[in-house]
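In what follows, chain A forms one complex with chain B and a second complex with chain C.
For the complex of A and B:
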């Protein structure tokens, strides 16, 4: 089982979808962490200049609203 | 908090990034413009993507690339002329509002609903119907002639053959605004997405099925149709206890009416997690256990939902205000789930609707007048007609609507 977990990889549409979802959800986090590592400053995102800071804040709020998890689910209709 | 004093400051990192990568902005701008021309729509449809790189050399792409230089220019200005924090926050708010407003335009609405529809699995009936409604809404209502607008639940979706009704009523247009799980309360919530015009006929198929055993606050159903034009009426139809108990749902509903990103979030997430390809075609609702539970629920004791009646009165007033006639067909369910309590509820709902239509001069077509007398062979399950029952009901509906002389009015200007 361990071998199949570590070696049984295949590239298919599900894998492509998962990779893209990771990119969409994690890109802001990676950008912030890259900046923190580059400057050695944990509060670097708050010291950005006007445009990148405004864009980062707007994107985070937008992603929180549009893609955030609120614990609820989409309405699923069960036909009976 | 600075933890490595030997590393460059944020300003130095930004300046170095701009010096090194400023050309990436026009290049990305040109590529994004190239995508909008064709590959974007191929992605929306879930088809294989082909890019014509030669189009990079067109004047339009070049001008878009030049326009993209505005971004590094503003960034550079921000670095050399720092602004106060409050202006940055205002800038963030402005950008967020711009993103939300852009999401409301047909420029993004059409690809969003098309992309979401392509990426739904076969069991997501409700979301598929939302996509249908929102796409039709974006296309607009072209035909000036008064139309028949079908409003109702899955009983209407399964019980009325829209194509056959169009054929029988031609040239009168038939618009479908029926949704899975729709009740009067939900119809009221969705009414801002119903394209009513003076002279239209709103056709409903109502019975005790729509006025009993309903979810007190179906916020996930409301969310994609939330609007401040209908929200006050919906909340006023509910009891104070319901609103207080479900205050989180009320907040969700109000947020959806205000912010488009929240309203369409279920669909955006569907696109985000199925970015490249449609979802698998596995049917979510094909679970026999779920069906058994729901059939048992259909046979259970019925509990009246007063909010549905209040909402229906508001919906009727809204139609009257738009000079839209209402034609109510008395609904039915499979005789297999008839019970004394169901027959009592059926009678109560009928009395309520008869009284309402008599007072307002609207049309109520009882089961006796329909004369269809559905048997067990006309139903595919406990509440939905099969193809045989569907044809019977559609043809009878067309007869009743054709009899109505006001359907022959001249087109409105």
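For the complex of A and C:
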């Protein structure tokens, strides 16, 4: 797999689909974290004014209901 | 019992309903009983170990404190406490590893193989509560803490269910007073707790679980192109972040609903600009535990502790890699750190001054670099019963 980075770095439909999926799933994360880093406040999303906060929450709730895995997937438990 | 399961939802609704009705002392009784129920849900036999660890550290803490200036007695008690905890941890994590290797060596030497292999299950979260219990005895030994007022309070501190299985690893000096004193539940705490719970579940159920499908599809296949492999590396980096930090967020939110403030465990780690910054943002409760209870007591300088906590991590990782159980976040820091020392000036500059987006791939590449395979990196669902924290 690592070798493929140098010997077979071809862009195809699979890669495009994967990029799109990553963008869809991670955009809310980047948005929230950008807000937190920009303001230096981890509670920043909850301190937005009414409309942006409502829009953010509505989007997150919609994504949760539409895309969330509610099957109870196990957490990755790190070991040490 | 997983935070994102229906069973947990029912469990928490019942526990929280009762919690709001009871006075402080009975709240602690409820927390202890529910925490043991939560933990025993995986396997009731695990309860024996957590109870044993609790009893040992409670008694040790009392002896250390009551010994006063008697250094010999104090040292003996803290040594017994540390040894007991580490023996339990080491036995459950490494017995089979040493048995297998001894067997291999004996076979190589033409001697009869050592065939004893214990069919034991690694208790879930054993490292987390062991470290937490150890911090209690160590803090009393250092004079930073007084013993718990009652066994009930201490047992509740060790087994507190929101953070029992995957952290944050709480210090006795932070959590124990909150267990012992009446707690106040505020509207602000409920609101911010609700956000943490929702955001943690979002990260787990929407981001981590969906990215896991993509990542497994690439890492489990042969013939993936470089582009998909690279994207899968990025996806995996965000999967582990969302999975682990999601758990911590939910834990902090649940605790906040109960009027308890747990320590911050993740502070946007992928916004870090360098390894030092990264380690001050990722699994903060473990990094700071290693700093305070391992690195500094071994002679480390507090003011230089952030970068040098890596060494503690490497020591820790070395121990864990013995068991070939892959690596965790500590290992992830090795690649950039070692690489920064080994590379050309240009490469070093990239590693030490790289932009934030670099780290997820560096860490994931590190994971691939030092492990025989992706499945060894972390505990995946199928392996869960056999490996805990």
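By definition in this document, the second predicted complex is superposed on the first by the 66 of 80 C-alpha atoms of A that agree within 3 Å, B and C clash if a C-alpha of one lies under 4 Å from a C-alpha of the other, contacts with A are read in each partner's own complex, and residues count from 1 in each chain.
To be clear about the criterion, a contact is a pair of C-beta atoms (placed from the backbone, for glycine too) under 8 Å apart; a residue touches a chain by one contact, two chains touch by 3 or more.
Keep in mind the model is a prediction, meaning the values are calculated, not measured.
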Next item on the list: Please work out whether A:42 is in contact with chain B alone, chain C alone, both, or neither, and reply first, second, both or neither.
Entry: both
Margin query: Quick check for you: in the superposed arrangement, does A:31 touch first (chain B), second (chain C), both or neither?
Written below: neither
Checklist line | First (chain B), second (chain C), both or neither touched by A:21 | finding: both
Next item on the list: Applying the touch criterion given at the start, work out whether A:67 contacts chain B, chain C, both or neither, answering first, second, both or neither.
Entry: both
Margin query: On the A-aligned overlay, A:53 touches which partner chain: chain B = first, chain C = second, or both, or neither?
Written below: first
Item checked: Which of chain B and chain C A:8 touches, first, second, both or neither -> second
Next item on the list: Identify the overlap between the chain B-contacting and the chain C-contacting residues of chain A.
Entry: 21, 25, 42-43, 67-68, 70, 72-80
Notebook entry, point to check: Contact residues on chain A for chain B in the complex?
Noted result: 13, 16-17, 20-21, 24-25, 35, 38-44, 47-55, 57-58, 61-62, 65-68, 70, 72-80
Check: Where on chain B does chain A make contact in their complex?
Finding: 1-11, 13-14, 71, 74-75, 77-79, 82-83, 87-89, 91-96, 99-100, 123-127, 154, 180-181, 218, 220-221, 223, 252, 255, 259, 261-262, 264-266, 268-270, 272-277, 284-285, 290-291, 294-295, 298, 381-384
Item checked: Contacting residues of chain A [partner chain C, same complex] -> 1-2, 4-12, 14-15, 18-19, 21-22, 25-26, 28-29, 32-33, 36-37, 42-43, 45-46, 60, 63-64, 67-70, 72-80
Next item on the list: Report the residues of chain C in contact with chain A in the complex, numbered from low to high.
Entry: 2-6, 124-125, 127, 165-166, 191-192, 195, 198-199, 201-212, 214, 218-219, 224-232, 234-235, 238-240, 242-244, 246-247, 264, 267-268, 270-271, 283, 286, 316, 320, 325-326, 328-330, 365, 368, 378-381, 384, 387-389
